[in-house]
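Look for subunit A in each of the two complexes below; its partner is subunit B in the first and subunit C in the second.
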Partner chain A sequence: MKELLLLSGLGVLALVAEIINARKLIYPFVIFGLLLNIGLCYHDLGSNESIYGMLRLDNAALAFTILFSVIALVWFIMAKNYFSDETNISDHFSLVLFSLVGVFLLSSYTHLSMLFLGVEILSIPVYILAGSDKRNVYSNEAAFKYFLLGAFASGFLLLGIVMVYGGVGSFYITQIAASALLPYGLSEKLVAIGLVLILFAFAFKMSAVPFHFWAPDVYTGAPTSITAYMSTIVKIGAIAGFYRLYVGVVAVYAQYDFFSSYLLIFLIIALLTIVVGNVIAASQSNVKRLLAYSSIGHAGFIILGIAMISPTVNFTTWYYLLAYCLANILTFWVLIIVSKQDNAEDISVFNGLVKRNPILAGTMTVGLLSMAGIPPLGGFFAKYFILLDVIGRGYMMIAIIAILASLIGVYYYFRIIIAMFAKNPIQTATIEIGSFTKLLMILVSCLLLAIGIAPEYVYNLIF
Partner chain B sequence: MLLSQYIFLFLSFVAIISALMLVLDKNPVHSVLYLIITFFAIAGHYLLLNAQFLAVVHIIVYAGAIMVLFLYVIMMLNLNKDIEPHKKNIPKVAAAVAAGLLLLSLTALVNGAEVNMLPAARNSNIGLMDNLGKTLFKEYMLPFEISSILFLSAMVGAVFLSKKEIH
Partner chain C sequence: MKEVIIGIPIQWYIFLSIALFCIGVLGVLFRRNAIVIFMCIELMLNAVNLLMVAFSRYLGDTGGQVFVFFVMVVAAAEVSVGLAILMMIYRNTKSTDIDTLNRLKW
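This part shows the complex of A and B:
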């Protein structure tokens, strides 16, 4: 309950600060609030608190809450320039904070109405934030496209929830799971249709292939800070929500007839997402678009891990998200600084970056190497744990295809790294960054390295 | 067949035909008027499902307020002329085929599914206001309160998008 009140209170506080003319105070308050939220969640680990029977703060929920709070904290520090616009500052803050409430609901719901509310509270502020660069036509296009397709996906989600309710007669995920074991008054067909429709809605939100067509345009059109937000926090929300549904409900129906076809659909989606995301990313020259496609590929890896439903699925999912989001935020951070300097987003802006600012080049390299899955960075172990689960379940072919696809990933990540280190800069002016930014960049890079060196320590800390 | 089944068929027919006309008609004002008919037909369905309060709210909010807003916007932007640009037929055909396939597969799946009477449906007073209020403020207290965040963020967003930027 405290976490929910804290997050929504911060959003309302940002609005009130506009009225009482205290805009300068919002930023420190938000940073402090997020730190407090991490502390509260860490303190609550193991409490298993139930909020009106609608939310349950079990360890998985708290772990996801800690994860998105940490990432949001880094994001707020990264996107400081986004909040320098005096006229809209409190709107930006409150919209971002409200969407964090949505992520919180998605990572802790036990009732399908909270699932729907979580998806909507997460999405609606992000539709608006995607269009927050009001004078830019591409930003308008991004917002409109995202809104229309997102509304469509929400329709599928609702239809799916209704079908599940019609089949079971309850919205509580514990009761839906219980009726799988004691199938009195259960309509198997309706449950199957409902779960598949919900899968499609989540595949849209996670930008999984073949529901990904909105993602590149929206990611490219939105302001770069918001793109970083969408490819990290929004993805955490969608994946946490789906994880809860899959582990809590779908996996319980494993002995039913429809489950094998459901798993087949799911594996096809996961595999297509990995392959298509990485293959198309290799042909991109705009770095923002490249990162958009690479984030599609990473989503595929995560849902492949969820599909395996191993005993440690909560940790592998969580760890992959942590490694991916930290690396992604780092690359976007450098991209924002570099593209602001040169007013372009092509790979060529990274040419010779090491001569212009070695810290930026180093940070970018750490982020890209982690996403490519090079040991000993976090991204390597994230992929390694998931592939281990896949091989453990006997899906050898899937593991091989996933490894091949991530090798394509190595190719396009190295294109940027080679541009930074081996090519001559187009512009020779050095890029100046503040010492605080420098320090934080090095800190986050070290964090990425640390979680790669000691994953078992992270495991013991949270799980 | 029972009388309620006849009413159901009639209402469904009206709803589907007017929804089709809403999409197919080229004049935006006519489309809005068809939308009103669709809403009334759906309100009739709510009545058949014992959801009296929902039916009334549906008519007041959608057929009343939202419709006036739509008409107002159409009149204000002067869209009441037939200015829809002619689009290519291939996307239309593709969309119709895709939607038709979805309809076909969903009906095929639902057809033959054993549908059980849900516990809530046995209570004929389920849609009355006092029952609704009790459920809303007891069992569904948290979603009810949380939805205020949803509406607040939608409002903030609407103000933000329409606000003039000061430079």
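This part shows the complex of A and C:
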């Protein structure tokens, strides 16, 4: 309950700060609030608090809350310029904070109404943020596409929820799971269709193939800071919600004949997502669009991990998200600085970056290597744990295809790295960054390295 | 009148709602005017509301009827944001035709 109140309170505070003319105070308050939130969650681990039967703060929920608070903290530090450029800062702050409330609801719901509210509270502010560059037609188009397809998907989500409700007679996750045992006639079909519709709506939110078409367009059109937000925090929200539903309900239903094809559906979706995301990313020249497609590929890996329903699925999902989000934020951080300097987002803007600013080039390399899955960075162990589960369940072919697809990933990540180190810069002017930014970049890079060197320490810390 | 409404089997409500929902989906897919598309999305959500109330009555559980209020509030919030985005686009392109929004590709 405290975490929910804290996050919502921060959002309201950001709005009030506009009225009482205290805009300068918002930023430190938000940073402090997020740190406090991490502390509160860490303190509550194991308490299993239930909030009016609607939300349950079990360890999985708290682990996801810690995860998105950490990533939000890094994001706020990264996006400081985004907030200083804008005229109406407090609106942007409160929109971001309210969407964090949505992520919180998604990672802890036990009632389908909270699932629906979580998805909407997460999405609606992001529709606005995607269009926050008001005079830019690309940003407008991104916001409109995201809104239209998001609203369309939430229609299907609702239809799925109502069908499950009609079949089971309850919105509670536990009761839905319990009724898997009961024999039904019409209602069995209703539940089957309903669950598929809900899961497809989630596949849309996670940008899984074949529901990924919105992602590259929206990620390219939105302001780069918001793209970083969408490809990390929004993804955490969607995956946390999917995780809860899949492990809590679908895994129970999948044990019965009538529903046994669910696992197969999600294995196919996960494989398609990994392959399509990585293959199309290899042919991109715009770095933002390349990162968008690569984030689709990473979502596929996470879905693959969740679909395995192994005993450690909570940790593998969490760890993959942590490694992926940190690396993604690092790459977007460098991209924002470099593309602002040169006013372009092609791979060629990275040409000879090491001569223009070695710290930026080093940070970008760490982020890209982690996403490519090179040891000893976090991304390697994230992929390793998931593939270990996949092989453990006996799906050798799937593991081989996933590894081959991520080798394509190595190719396009190295295209950027080679451009940075081997090519001559188009513009020779050095890029100046503040010493504080420099320090934070090195710190986040070290964090990424640290979670790769000692994954068992991260495991003991949270789980 | 009350007997007539209670006498309608639940299947009819399901068919009606699914039909309305499909009209909404087809509208979103085939209409080119953004305002009409918004109306079709509302139609989808309200078809679900109808089904929710019908199930709620059929199962004797009030949860579904309460859920409808959540859906109504969220639908209102969603459309207000959508119209704001549309206003922004109209200022830049002077059109509400979604075929003009084709700058972002591949």
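Following the convention adopted for this analysis, the second predicted complex is superposed on the first by the 454 of 463 C-alpha atoms of A that agree within 3 Å, B and C clash if a C-alpha of one lies under 4 Å from a C-alpha of the other, contacts with A are read in each partner's own complex, and residues count from 1 in each chain.
The criterion applied here is as follows: a residue touches a chain if its C-beta (ideal position, glycine included) is under 8 Å from a C-beta of that chain, and two chains touch if they have at least 3 such contacts.
If you're wondering where the values come from, they're calculated on a predicted model, not measured in any experiment.
A.B. asks: Which of the two partners, first being subunit B and second being subunit C, lies in contact with A:Gly394: first, second, both, or neither?
C.D. replies: A:Gly394: touches no partner chain.
A.B. asks: Check the residue A:Phe144 against both partner chains and state whether it touches subunit B (first), subunit C (second), both, or neither.
C.D. replies: Once the two structures are laid over each other on A, A:Phe144 reaches subunit C alone.
A.B. asks: Examine A:Leu105 and indicate which partner it touches, taking first as subunit B and second as subunit C; both and neither are also allowed.
C.D. replies: In the superposed model, A:Leu105 contacts subunit B only, not subunit C.
A.B. asks: One more residue to check, A:Met54. First (subunit B), second (subunit C), both or neither?
C.D. replies: first
A.B. asks: Where does A:Leu158 make contact in the superposed view: on subunit B (first), on subunit C (second), on both, or on neither?
C.D. replies: Only subunit C; A:Leu158 stays clear of subunit B.
A.B. asks: Looking at A:Ser113 after the superposition, I want to know if it touches subunit B, subunit C, both of them or none. Which is it: first, second, both, neither?
C.D. replies: both
A.B. asks: Between subunit B and subunit C, whom does A:Gly131 touch in the aligned arrangement: first, second, both, or neither?
C.D. replies: The answer is both, since A:Gly131 touches subunit B and subunit C.
A.B. asks: Determine, under the contact definition given at the top, whether A:Ile193 touches first (subunit B), second (subunit C), both, or neither.
C.D. replies: First partner only.
A.B. asks: Counting only touches as set out at the top, which of subunit B and subunit C does A:Ser8 meet: first, second, both, neither?
C.D. replies: First partner only.
A.B. asks: So which bits of subunit A does subunit B touch that subunit C touches too?
C.D. replies: Shared contact residues on subunit A (touching subunit B in one complex, subunit C in the other): 113, 117, 120, 124, 127-128, 131, 134-135, 165-166, 169.
A.B. asks: Note which residues of subunit B are touching subunit A in the complex, please.
C.D. replies: It comes out as residues 106, 109-110, 112-116, 118-120, 139-143, 146-147, 149-150, 152-154, 156-157, 159-161, 163, 165-166.
A.B. asks: Spell out the part of subunit A that touches subunit B in their complex, as residue ranges.
C.D. replies: Answer in residue numbers: 8, 11-12, 15, 51-55, 86-88, 91, 94-95, 98-99, 101, 105, 111, 113-114, 117, 120-121, 124-125, 127-128, 131-132, 134-135, 165-167, 169, 185-190, 192-193.
A.B. asks: Which of the residues in subunit C come into contact with subunit A in the complex?
C.D. replies: Its residues touching subunit A are 10, 14, 21, 24-25, 28, 34, 37, 41, 44-45, 47-48, 51-52, 55, 58-59, 61, 63-64, 66-67, 70-71, 74, 77-78, 81-82, 84-86, 88-89, 92-93, 98, 101, 103-106.
A.B. asks: Could you list, by residue number, the parts of subunit A that touch subunit C in their complex?
C.D. replies: Touch list, subunit A to subunit C: 113, 116-117, 120, 124, 127-128, 131, 134-135, 137-138, 140-145, 147-148, 151-152, 154-155, 158-159, 161-162, 165-166, 169-171, 216-217, 220-221, 289.
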